[in-house]
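Shared between the two complexes below is chain A, which has chain B as its partner in the first and chain C in the second.
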Partner chain A sequence: MAQPLVKKDDDRDDEAEYSPFLGIEKGAVLQEARVFNDPQLDPRRCSQVITKLLYLLNQGESFTKVEATEVFFAVTKLFQSRDIGLRRMVYLMIKELSPSADEVIIVTSSLMKDMNSKTDMYRANAIRVLCRITDGTLLTQIERYLKQAIVDKNPVVASAALVSGIHLLQTNPEIVKRWSNEVQEAVQSRAALVQFHALALLHQIRQNDRLAVSKLVTSLTRGTVRSPLAQCLLIRYTSQVIRESGSTQTGDRPFYDFLEGCLRHKAEMVIFEAARAITELNGVTSRELTPAITVLQLFLSSSKPVLRFAAVRTLNKVAMTHPMAVTNCNIDMESLISDQNRSIATLAITTLLKTGNESSVDRLMKQITNFMSDIADEFKIVVVEAIRSLCLKFPLKYRSLMNFLSNILREEGGFEYKKAIVDSIVILIRDIPDAKESGLLHLCEFIEDCEFTYLSTQILHFLGIEGPKTSDPSKYIRYIYNRVHLENATVRASAVSTLAKFGALVDSLKPRIFVLLRRCLFDSDDEVRDRATLYINTLGGDGSVVETDKDVKDFLFGSLDLPLVNLETSLKTYEPSEEPFDINSVPKEIKSQPLAEKKAPGKKPTGLGAPPAAPLSTVDAYEKLLSSIPEFANFGKLFKSSAPVELTEAETEYSVNAVKHIFDSNVVFQYNCTNTIPDQLLENVTVIVDSSEAEEFAEVLSKPMRSLPYDTPGQTFVAFEKPEGVPAVGKFSNMLKFIVKEVDPTTGETEDDGVEDEYQLEDLEVVAADYMLKVGVSNFRNAWESMGDDFERVDEYGLGPRESLAEAVNAVINLLGMQPCEGTEAVPNNSRSHTCLLSGVYIGNVRVLARISFGVDGPKDVAMKLAVRSEDEARAACCNNILLKCKVFRKFLQNNLRSLDPLYYWCYFHNRISYNHSRTN
Partner chain B sequence: MLLALLISNSVGNILVERYHGVPTEERLHWRSFLVKLGADNLKGAKNEELFVASHKSVYIVYTVLGDVSVYVVGKDEYDELALAEVIFVITSTIKDVCAKPPTERLFLDKYGKICLCLDEIIWTGILENTDKDRIKRLIRLKPPAEF
Partner chain C sequence: MESCPLIKNILLLDSEGKRVAVKYYSDDWPTNTAKETFEKAVFTKTQKTNARTEAEIAMFENCIIVYKFVQDLHFFVTGGEDENELILATVLQGFFDAVGLLLRGNADKKEALENLDLILLCLDEIVDGGIILETDANVIAGKVASNSLDAGASLSEQTISQALATAREHLTRSLLK
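Let's turn to the complex of A and B:
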């Protein structure tokens, strides 16, 4: 068969494969650079060598100090050439080499000469190079030229000087600030780019002078801005001025008209900048938002991916604060789910998940299912997190959302992604009781084929806690026991522990569990065998190891009663010796907790990421801490612990916050103290509490802290007695009292003698909301109806003029201290009415549900109709008893209302409460 | 700030790499991240079709032009829209210098000129020139035509 003809083009293709830099070597190029020293310079050849040097530098090759110096000196010789192309290369090369301060002097004179050259372009380039390599001393010498250059007629020269100014402002701010008159003049330039650079520099020079920035913005918003880039800068500075002016009045917001006008600009960049600025205005109203959302909506269907991305990214942000404003764009966003650009698709989905309502969840999930298969893990994690929040918002939809999570759990994915799904399922199981059984089964199925040891062990641990509490614990055993056969030693050991937990907690399963545990005695791994032996001997023991069933459970599954951090520290400092490690020597005080809380505000619980053995939940940690103090032992069960209340300002010598622990007939204040002075040691630290403004409280004991070294937080406690079950309130003033001792910072030695000192702290208040636990319900309507209206109480209140409906709703939620359900804490913009569903448990374990309807009457007057239902634990309790509890709750409400001024004002002085005792009378 | 400009060939070898305000130890991470981003998404892309992504608080706009891929990374005022402007200037200038969307060979043949153009477009993290005709004159040390 004849060979195909070789065309000429094929030769050229071969040539195209061949790189001009093939086999380039630094050593050889440095040799070639010697041509720069030739007396007869060949500009073409020199340019080629410079290109090779640039190629090397751009490939990440670095020159040694000697090499760089050698090349730099050689390059400076090229100033002798008059070839323009070569000169341009030389400028670039010097910038790339960034010579050191002692070498710069070699080129300074050449550059200064160029800077005064008649050829404009020499001037511009010399300015750029000089400013790149210069230091402060040289800068003062050339300052005069630079100031002239800023107002040069040639826009390239002016821009070179202005951009140099932007860079030099970082290193020599004092000098650059002196140029502000020239820069001000350049802002008025007719050259678009000069104006852009001048505006950026002028703003940087004056950024700390609010008035000057405001004047700048005022004059430019009235004048002409020539380039879209400069217009974008102006919009940014304008929003800064609006933000700093602090005006939140609607209707006459300064510069709003300017921003709104920019929405009609011809450059897309400007339109976006203005839309973004409007959406980010403080307290933006929906009237202000509408035009911005409209233009963003148009861009959602743009053919340019950058515009679609920018639009959906902005709308995604808006959806976080104003979900209702974005709902109009939902249809456009749904079409973006199939966008080729996965970033756009993910943003669209997460926005839809935020703005969707209960009825659209199923449809949305269908679309997401198709989408999930072709995106990367990092995007999938974002979607999973959004679905988790959606499920918590609409608990009734848990079935379809849980199914979705379990389906994606079965598909391929990396560790982080799988962990995000498992964490979500765990959180849903914890927060939505109805979802527990199906969720646990999904997790069981997952561990049947899970490649991640960490996740398997965590799920097994979680199963051990939740599984025995389900209606049919036996159905989980198969999944757990399978692990003993099929997995690695770590997972096998976890499975043995989980089996033992089922045995210990479910009596009916005990004999069968024993059979399984005995089989584990023949495992090849020591740890697995050891655990099995321990569990068999203790759970089925003859009393020789531990005495009672309770002891067994405490010993095996009870917590260590000490913070793991302390245990870890003690174990690290323990040196192996004859003497065994004594667990009683581990301190029980939780040292780092208050600090950790401060460092990670608003950190959400992370499902399995925080297994119970590791950091305990805050409430558990408090419970453990308090139960470890014998003086508090007879206070009974802890009802509630408040969030820490700061009693000192930030950055004071001693930082103190307080946590209020509520018991049935006692209240304990836990003062978390930190000493921030390195050369001080505080001893015998107590808080002196004056409770004269809290009549129902009587101090029973104060537990001082022995010592408080620098930067190691510690706690001191004060306990009070109060009438049993009564939500007593009051104000307490606090004084920190201690003995202060000097510490030598070099040796760490403390002086023997100390001085007594006091430090005034802020007041602490016990309010009625402290007696209410935030406990949500998964389905409010069901809970409400199942509680029945037999024990319902309906009251109406006039709340008087409020800033907005949302603000009134928030205030009432906060003062009731109850858990908002089904996302009803969010009030849509411009609503005239809103219903908020709240749930909680009141002291004495009384379940309380509240349905509060708010309405705006007149311009700003808010009226509230509060319907409360409460249940008796036994249900059969007599009506009087319930009424009594309602009365207690009522008192609680009144106490609270008093604490909110306008409410109090209206409720009590104007006597505008109208009680509609619907059924209770 | 324009944090990075990266130009690679079709298989991800680096042709030009410039960073501004990116610590040296992070550069390698950025290089591999960008090249992977291109490998995942640029296959079969049309010339100058823009792709966009965000990573933490920075934005990335990238595209393909002939045999080379161009990536620009920015933060703050250099968001996706400003970067689209920057990448447009870069691609139109490269096309201008090479007279067409370049093969790798053509790009390397014009390497010196392209470096000069990039120097005119981005100067230590700030966009300086946006007009390809002006840039063409500036690299030959000729004043802008309108002046």
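Let's turn to the complex of A and C:
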């Protein structure tokens, strides 16, 4: 019926431009829609107009509210026509217009009539339309018909009702849940798709009832499921049941046989679904994996790209956890490198890079080289990242991998791609000492012809750090000085800084560096000249070989141990005054962002970049708050503020939480109180703290809150004194004390007389972890090495049976209150051992690093080896005492880690610190 | 992955990436501009591939897209990144073949636009609000072309020749007018 709607224009080139909707305009079509009102309806013409309207909507045209309403009312007139084709178009149009509730009423009766029509097609479509536009009240009216429709003998009608049920479950669950008997019956239907839709609906109705889902799965896995789609659903539900039933390590997994049986189904869709479900089982064993891998391997050589893609994508995921299981597919995988579909080829390569062994690396690299030239940048980045991890896995192969990276670095590519390569080379240089010299030269060559200012400056900076430490630093000078001649001002400036670093660190080069730096004094750019002048002066001016003193070295090389964001905020708030800006006042705490990192594992700040940007932390807010209170002014610098600890149950009359602020010789409790009773005003609010269980603490002052109106949070403070620098611990009981005044809810006036009242709060504890700042290091290995083993302690502990390795690791991390580094807090599924790297700063600004190796011994016994290094000088600190405390610690660990107070662990540090103090005093 | 397979959208574009007919079932692209940007990106990414004999596949913006071309028509079906690729491919094949049947094997842009009502009805019969209704091309085409069929006859029991005959009749009628 949609015939050419516009007359053919003979002059026009038919092939190229002809469209029946050429020159269509909304206004004109809306005019045309008046034919819907004709007393004598012309179904064909009406259909055409509807098609035009739908075309407009489909092209992104939108109708105003008035237009839509007008069209809708006109369309409803068309229910008079008995033409089936037109009715279908009317249904479509109504769905597209999605009328408002008051408009729906107009078509309801017509649609309900159609719903009970003898024509199945009417029934099916009317059900779908009505359910799409209906609301709860109307639904109860038609519920009876829908229930009938679900068990209708016509599969199209039944499916229409079931699918509508799935949609309605989102908005009106209580109604749809009443249909479960009918849905249950439909699950047994002989029609394939009815079964599929019924199963989907039944599962959604029961999804919160584990037992019911389990029963459903059990009965269906024994029976026959007709449609492949329904079978896929069943597989999904089965793996859900398996997951929730918890892993019973011993014996066979329930339903595994069913999944394995599905691998022999005749539909590929089902085979794949089952194979994927098996690979995603929690703690899947290699015996369980094998049949799934075998069918996926067959798919790899399929003629259909979709099958190959699905298989290689799944195998790629498996390779992350079970590389050995996938090695059998390597030959098929290698042939996929030349696949037409570049997504498949990339997935194949990255899988191979994960599963490959040391001997196959060279061959693989040869194949990849050919492949790299004809894929898009986004794929290349994936490959580069895979090569980086391969190189870290097989450090001996660095030569060929580094060569590969430098080759692709020379080829054409966008910024993101080049950055990925440079980052990879930098990481390899850092982690593989042998690769340093060749890597640096590759980078030098790259900046000779680099179009990205950002990369050039980053590389120059990196050269300045690493170059002077090499055997022959002078060979880099030429590359660096060339930048001063050939590049833009930004690059020139960073080249000047790099030159200065060479001059400062390599005394033999100093005179030559001076000559070069002097030439930079005539640069056209201010920044370049400024830097040159600065460096010439700091390095000692006259060009003679003088010992560069420590301050200069610190200035040039001392890593800026601050998050840049914190420094920036501090500088912004600094007001010019007599007092110079104190860099020590900048907070060092980096807010950890484990979630964000997990989401983007590829984007860890591993490359050239600075440490992870810290969001403006709550610490700043606390610091501001505390510094505004004069009583706390002489407490010194805030060391750490804890996370708020709830002291009341949720939804009580008064909600209170507390923050512990740790200073060198003071502790301040900040109680955040909220009054949740509308007709009360609290005055003179204080917290009475009983510190009898905290011997080392003495209360020095309490700062009450004058008034606490309804729903406006306020703070009261209590401050304590404690021995300086000592990580004293203890338990405090709290009582909220205040005067209650009634408030007239209508006038808002407060009564004059108040009643004194008290409210018991929960106890607050100061624990040793409160004295530990979570401060990460960007390169744990370097930090660990540079700290040296002079002040190292190693101890081994048996932790006894634990739920899982991950749980044990988490417990220990929380216990120590230190910052996990390099993502080591995450324990891969199923691993039997794990090493966790932790870093922190202990009160007194003592940097502490810990390396903890966990191992699972026997069925569930976890053992750990704890190595701690610290800047602390108290090496020989009271060995006996420490050992004694450690023994206590060990015993506790063995008994029950969870209930262990960190105290016992921190005694170890405590002793060192007190020893240190006694020595210095 | 406990959920029912869901389709995010079905696109039918021409050889320049312009819309012939599209249908979105998810909220991932709230505005028309977002939709058009997505279509353009998908089109550019796939236009150089050869998806004429077998359906091809790509990943894009956390979506899996399966696609197939014939003449100057480009068919796309999009699903979430965890979706079973083969289910999406089945939907695509159903749509592709049904359009072929409805356009009497003459699937090109001109024919598709001239029978846009059939294409829209076809989309309506394949997926309802993201949930797969039917994937068998013969059944889909049968349902779309069943306008003049006897009221009592069950749609799914129609043979394909019947469906085609109806489609043909329908088309001749509309073309000869």
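One rule holds in what follows: the second predicted complex is superposed on the first by the 540 of 921 C-alpha atoms of A that agree within 3 Å, B and C clash if a C-alpha of one lies under 4 Å from a C-alpha of the other, contacts with A are read in each partner's own complex, and residues count from 1 in each chain.
Operating definition for what follows: a residue touches a chain if its C-beta (ideal position, glycine included) is under 8 Å from a C-beta of that chain, and two chains touch if they have at least 3 such contacts.
What you see is a predicted model; the values in this text were computed from it and never measured.
Novice: Are chain B and chain C a fit on chain A, or do they clash, once the structures share the same frame?
Specialist: The answer is clash.
Novice: Determine, under the contact definition given at the top, whether A:R388 touches first (chain B), second (chain C), both, or neither.
Specialist: neither
Novice: By the touch definition at the top of the document, which applies to A:L92: first (chain B), second (chain C), both, or neither?
Specialist: both
Novice: Look at A:Q207 in the shared chain and tell me whether it touches chain B only, chain C only, both, or neither; answer first, second, both or neither.
Specialist: In the superposed model, A:Q207 contacts chain C only, not chain B.
Novice: Quick one: is A:I166 in contact with chain B, with chain C, with both, or with neither? Answer first, second, both or neither.
Specialist: After superposition on chain A, A:I166 lies in contact with both partners, chain B and chain C.
Novice: Who does A:L193 touch here: chain B (first), chain C (second), both, or neither?
Specialist: So A:L193 meets both chain B and chain C here.
Novice: Have a look at where A:L229 lands relative to chain B and chain C in the superposition and call it first, second, both or neither.
Specialist: It touches chain B and chain C both.
Novice: Could you look at A:R793 and tell me whether it touches chain B, chain C, both or neither (first, second, both, neither)?
Specialist: neither
Novice: Once the structures are superposed on A, label A:Y237 by its partner contacts, choosing first (chain B), second (chain C), both or neither.
Specialist: So A:Y237 only meets chain C here.
Novice: Considering each complex separately, which residues of chain A are in contact with chain B in the first and with chain C in the second?
Specialist: Residues 18-21, 47, 50-51, 54-55, 58-60, 84-85, 88-89, 92, 95, 119-121, 128, 132, 154-156, 159, 163, 166-167, 193, 197, 200, 229, 232-233, 236, 268-269, 272-273, 304-307, 309-310, 313, 341, 343 of chain A touch both chain B and chain C.
Novice: Of all residues in chain A, which touch chain C in the complex?
Specialist: Within the complex, chain A touches chain C at residues 1-4, 18-21, 44, 47, 50-51, 54-55, 58-60, 62, 84-85, 88-89, 92, 95, 118-121, 128, 132, 154-156, 159-160, 163-164, 166-167, 191, 193, 196-197, 200, 203-204, 207, 229, 232-233, 236-237, 239-240, 268-269, 272-273, 276, 280, 303-307, 309-310, 313, 340-341, 343.
Novice: Which stretch or stretches of chain A touch chain B in the complex?
Specialist: 15-21, 47-48, 50-51, 54-55, 58-60, 84-85, 87-89, 92, 95, 119-122, 125, 128, 132, 153-156, 159, 163, 166-167, 193, 197, 200, 229, 232-233, 236, 268-269, 272-273, 304-307, 309-310, 313, 341, 343-344, 376
Novice: Can you tell me which positions in chain C touch chain A when the two form their complex?
Specialist: It is residues 1-5, 19, 21-22, 32, 35-36, 49-50, 54-59, 66, 84-90, 109-110, 113-118, 120-121, 124, 128-129, 131-135, 143, 146-149, 151-152, 154-156, 170, 173-175, 177 of chain C that touch chain A.
Novice: Contact residues on chain B for chain A in the complex?
Specialist: 14-18, 27, 40-41, 49-54, 61, 77, 79-85, 103-106, 108-109, 111-112, 115-116, 119, 123-124, 126-130, 134, 138-144, 147
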